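In the two complexes below, subunit A is the common chain; its partner is subunit B in one and subunit C in the other.
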Partner chain A sequence: MLRPGRVKNSDVSEDESMSGKAFIPQDKLAQALERLKEKIPVWVPVSQGADLWGVEFKPFMPGMEPVMDRQSTALPKEVIFPQVQTLMTFQYVKDPENPAQVELKLEEARGAEEVLVFGARPCDVRGFFTFDRVFMDGPFVDNYYKERREKTLFAVLVCEEGDDACFCSSVGSGPADKAGSDLWITPVEGGYVVEGLSERGEPYVQLLGEPPSEEQVAAALKIQEEASRRKVGDLDPSGAVQGQKDRFEDREFWKSMVNQCLSCGVCTYVCPTCYCFNITDEMRHSHGERMRSWDSCMFAGYTHEASGHNPRPTKRERYRNRVGHKFSYFPEKYDGMIACCGCGRCIRSCPVSIDIRKVVENLKEKADARA
Partner chain B sequence: MFEAETKRLHELVKAVLPELDGIVGWEQGFDALHATPVFVSREEDVHRLMWSPLCVHNLSGYLVKTPPFLPREEGRKVGICVKGCDSRSLVALEQEKFISREKLYIFGLPCEGTVDWRRVMKKIPLRGVSAVRREGTDLKVEDARGVHSLPWEESLARRCLRCAHPNPLVSDVLVRDPVEPRMKKEDVYGLVGELEQQSLEERLAFWSAQLDRCIRCYACRNACPLCVCQDRCIVETRDPKWLTQKMGTSEKFMFHMIHSVHLAGRCTECGECERVCPMEIPVTLMKEKLNQVTRELLDYEAGIDPEAVPPLLTFNPDEHQM
Partner chain C sequence: MHAHNPYLPEVATVQEIIRETHNICTLRVVLNDPEKMKNFQFIPGQVGQLSVFGVGESTFVINSPPTRMDFLQFSVMRVGEVTQRIHLLNGGDQVGVRAPLGNGFPLEDLKGRDILFVGGGIGMAPLRTLLLFMLDNRQDYGDITVIYGARSPLDLCYSYEFQEWRSGGANLVLTVDAEHPQWQERVGFVPTILREESPSPHNRVALVCGPPIMIKFVLFGLKELGFEDDQIISTLEKRMKCGVGICGRCNMGSKYVCLDGPVFTCTQLREMVPEL
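On to the complex of A and B.
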């Protein structure tokens, strides 16, 4: 049912000739990343303070210690789809001879460098498949997105740290999903076994460490096999497309599901598949920039029309849109692909612990009742 | 955990439910480490309500934020569960005439502190949490790997470690016996004092590092029961335009300053802004500083006396220190 996006550069190859491997001892990880950074800018998951639980992706600098033992709070989405991105800069220039004559100078802010995201999880990468369909697959190609997408490599961790909010296996992925990855990192006793998955990822393997021992390779294989057998989450989203339609005008249902929502933007800002954006001109005196910034369908200003009307006046309609977009409208438009990677961040980070799985399950009940 | 109190809560709710247009309380969330707010209006749903140190949310915001949780008819009431800190928000909202006391039936829950799940996870990475309970001075957590133990004090939210008002200041009924305050109200600004020992440069570095993490999700604003401008927040107005969409620390600092200054002399220090922050920024600290100033200059503590007028909502030439 799920169809990964088309990213030519990181097609996963099963070709054995490309399976170069390296072992990074746990205490040499920072050094390995320093070597890597000599060749390509690297983003890593780091904690910004000793007493913080949360982890963010930041450009790697010597001295940083990557945190690999838990899912990040903030996303590597930032690397490809920054929270704010300048699309162009502009300037009004007066002709000194004729001040009434004003010329507008525009400069497009394009150009992306190749980067590698180290230590992302399968869900982080899968999020981009949703983006790909919208930003690259249709009649209009978003070049700002495309150039960054194509220049970003992912070294993805076989995921062992799922918690009760995770449900990646329910939406077509899983803890050992390697779709979209260029390098595969398997945590083993004392360190990590890294292997190349794509032509572009392959050359970086040898930079990261010495070839692993046979035991390490065997241990990695065992962990990969265990992870691919593990089912994370038990949501069955199959009835949601119809359920959303049946429940669309069921005000009491939406009220009962999301009355506790605070209408803040957390769920959307920590979501690997949320791609809604705003465009604003930020101007000062005669110059400024046109910027794209993350929007959130949870905010009151979302779809607030110039007339003053908002078709989604309260949090109930707004949350309905969030669920519908991910589990109903998107799969309907894009061959059944669910716009959710099951990372569970919206559940975990929600200030009032709203559980999107519960909403989707309940949508389905009505669909089941129809059948 | 806290089964006796939860049972008592159920009895008390059942006794008055026919007179209420619903009650807002807490129920079990997606795992045993999380509760979630719940609105109950039918007797068969009363069993969902619970009380435990995981009932972290201040529910008073639901009375004022769109769409407000209010009685459907004149003369009726809605029920609300409050801890000591939450009750101060009710007092502040009543002072500012956002709510009327006679429309509320308040279930008061004297509180020994709420658990900060992130602190717990930091100490013990948990998977498949099935039960959480307090045993003496320990928090016991059961997960897929067994039973883990953590000193109770190390599991509590920062706001709870500096709590001077654990017992509800307003209530119609108390669900459990009052508890001893952890701190005297004179001592609650310890962390503000510590920060002020630092040089200006150090403090700037501290706040820059903290605010750099802000993702501008506005959870702090939306969770604040006293952020009553709601959808008309100055942060999002386009004309006049106070803030750009940029992500620089100065933009974020400006937002948090606006939030703090709007709460000067009003903030009841429930700590919700800090609790809900996904990036763990100690944003309540800014409001604590302003409250400390309010106390020193105006001898006022917010959310204590329903009859008092918050000092910035009035003019009194006799104010000491004026």
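On to the complex of A and C.
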């Protein structure tokens, strides 16, 4: 199956020739993005306000200063999976021949444009691999997702600024993970060296700047090598599948893990692998739309049935499901793939500092004890 | 692999609404596209998403069997926003149907077996689909015993066709929770009646659907009678949205009720995480 944005991956040749590479001086970044924007809409990480710490991805407009020196608070998930997305529109129309009869006109809302996300991190892109399995591998294919996924390019930054919440190397990724990237951005002294990784990404390289000097190419290579050697995080998630089974009905365990949880749901909204959604109708007069919007398994209403019954009535069951989904159920369903990219956002954004690594480690302890 | 848009319903017209009880109605709909209606295929036990555009979608079992395709039928209990609106529909109204979804009953495994249906309240809806399918293929099955209970005679659905079930070859045992004037049939909770009837587990499959508390005690009863886990089949209900295994809310561990279910054997249920 076609994987959009799928790259030559690790076998990208470390070609010493400078064609296919560009250097963007730090003070010319905005201009480079303006040139890029002439060809393709670009999303960049920008600060939400001069005195605000948060960084989110926005469509680039002249005058914006991309924030490249730290991971974004909110991820570029909504480029491909919008927070609210119209699935179809409908209209009730009176039949002119028979005014007593009302017909329903139903129209699919589709269509996606090519977009380039500039300045994402490897973990941001990795998250979409989880989505791909669910939305595109069937048995049902979600074309709303697929269209956008295939039309989105990623210019990804070699990651140098991990913090203590990062653990990408523990879940099969790493700070120099090229998987899923179309352009590869390496921050060097005075600017960025950009190179094409995919056929679709290549044509945009020359737009971004002049070919880099030999020294700049060498410096970029050194940074890439250092990054690929760096091991970020020391979580071992291997015992989680068994641990989840062992601990499933251990109420005290789950209680102790999430006692302080506020059920705010931020862990799911900032998560690159969380894809749950709701479908609702909105209507005004005789027309309306059916839309999907991000939902969160941390909310009580998520599984609350009309009868009043709720299979996950407290935050214990809800958090158990979240951890289980990422580290146990997803690997069970999808050939061992962990539905976590190790970006650490759920830890960083949690108002009460719940650490998913600690929960997974503790699950494992029980599994180890059994063995 | 399904190539079409799995979220896009077929527009259908309500043909008739039958008032079953004070809070359950049965909706008969026909897809507006005659070709699609003609080619509609499904397995008893599969479900559909029924939409009232502007209000929303909910999941219901297709309540008419594939052997009777004049319309698609759904029995709906009034409990929430969408079902409230469904109860206000009239003949001629336009609705949306996304179906069939889910796995359905394992028809091949049921052929040549004796059958026991145990239904409670609205839980009779999915069993009725299979029951009618079996009555329409009566020669394929041995004894068909149906134990169907509700709180009162006024809460029993499909009472207008009990005669047809009986004459079609089903041993129908009806029960209500308490004595009621003019009630000629049994009185008592479904699990009690099951013990009284005590159908033999030999070469028999039990199909159970009803409120959780009924299922719980029926399972105890079936165990006592000697039924093994793989002889017991149930069909589950969860809050669903997409119905196609994507949106994430109806999972029990790595299984999705909308996709891997809603029909599971007791053996399968025991292997899944206990999150009913």
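Note that the second predicted complex is superposed on the first by the 349 of 371 C-alpha atoms of A that agree within 3 Å, B and C clash if a C-alpha of one lies under 4 Å from a C-alpha of the other, contacts with A are read in each partner's own complex, and residues count from 1 in each chain.
Keep this in mind: a contact is a pair of C-beta atoms (placed from the backbone, for glycine too) under 8 Å apart; a residue touches a chain by one contact, two chains touch by 3 or more.
What you are looking at is a predicted structure, and each value in this text was computed from that prediction instead of being measured.
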Clash or fit (per the criteria above) of subunit B with subunit C on subunit A: fit
Partner chain in contact with A:228 - subunit B first, subunit C second, else both or neither: neither
Angle, in degrees and to the nearest 10, that opens at subunit A between the C-alpha centres of subunit B and subunit C: 90
Partner chain(s) touched by A:278 [first = subunit B, second = subunit C, both, neither]: both
First (subunit B), second (subunit C), both or neither touched by A:213: neither
Contacts of A:26 with subunit B and subunit C, given as first, second, both or neither: neither
First (subunit B), second (subunit C), both or neither touched by A:90: second
Subunit B versus subunit C as contact partner of A:248, first or second or both or neither: second
Minimal inter-chain CA distance - subunit C and subunit B, angstrom: 7
Residues of subunit A at both interfaces, subunit B in one complex, subunit C in the other: 278, 280
Residues of subunit B touching subunit A in the complex: 29-31, 34-39, 57, 61-62, 65-67, 69, 118-119, 121-122, 125-129, 209, 212-213, 215-219, 221-223, 230-231, 236, 244-247, 272, 275-276, 278-280
Parts of subunit C lying in touch with subunit A, wherever the complex brings them together: 1-3, 5-9, 11, 51, 53-58, 79-81, 83, 92-94, 96, 212, 237-239, 241-242, 244-254, 259, 273-276
Subunit C-touching residues of subunit A, taken from the complex the two chains share: 87-88, 90, 92, 101-104, 106, 108, 134-135, 138-144, 245, 248-249, 275-281, 283, 288, 290, 292, 295, 297, 302-307, 309, 311-312, 317, 321, 324-325, 328-330, 332-333
Subunit A residues within the subunit B interface of the complex: 48-49, 51-54, 56, 69-70, 73-74, 83-84, 161-165, 256, 259-260, 262-266, 268-270, 278, 280, 282, 291, 293, 296, 299-301, 314-315, 347, 349, 351-355, 357-358
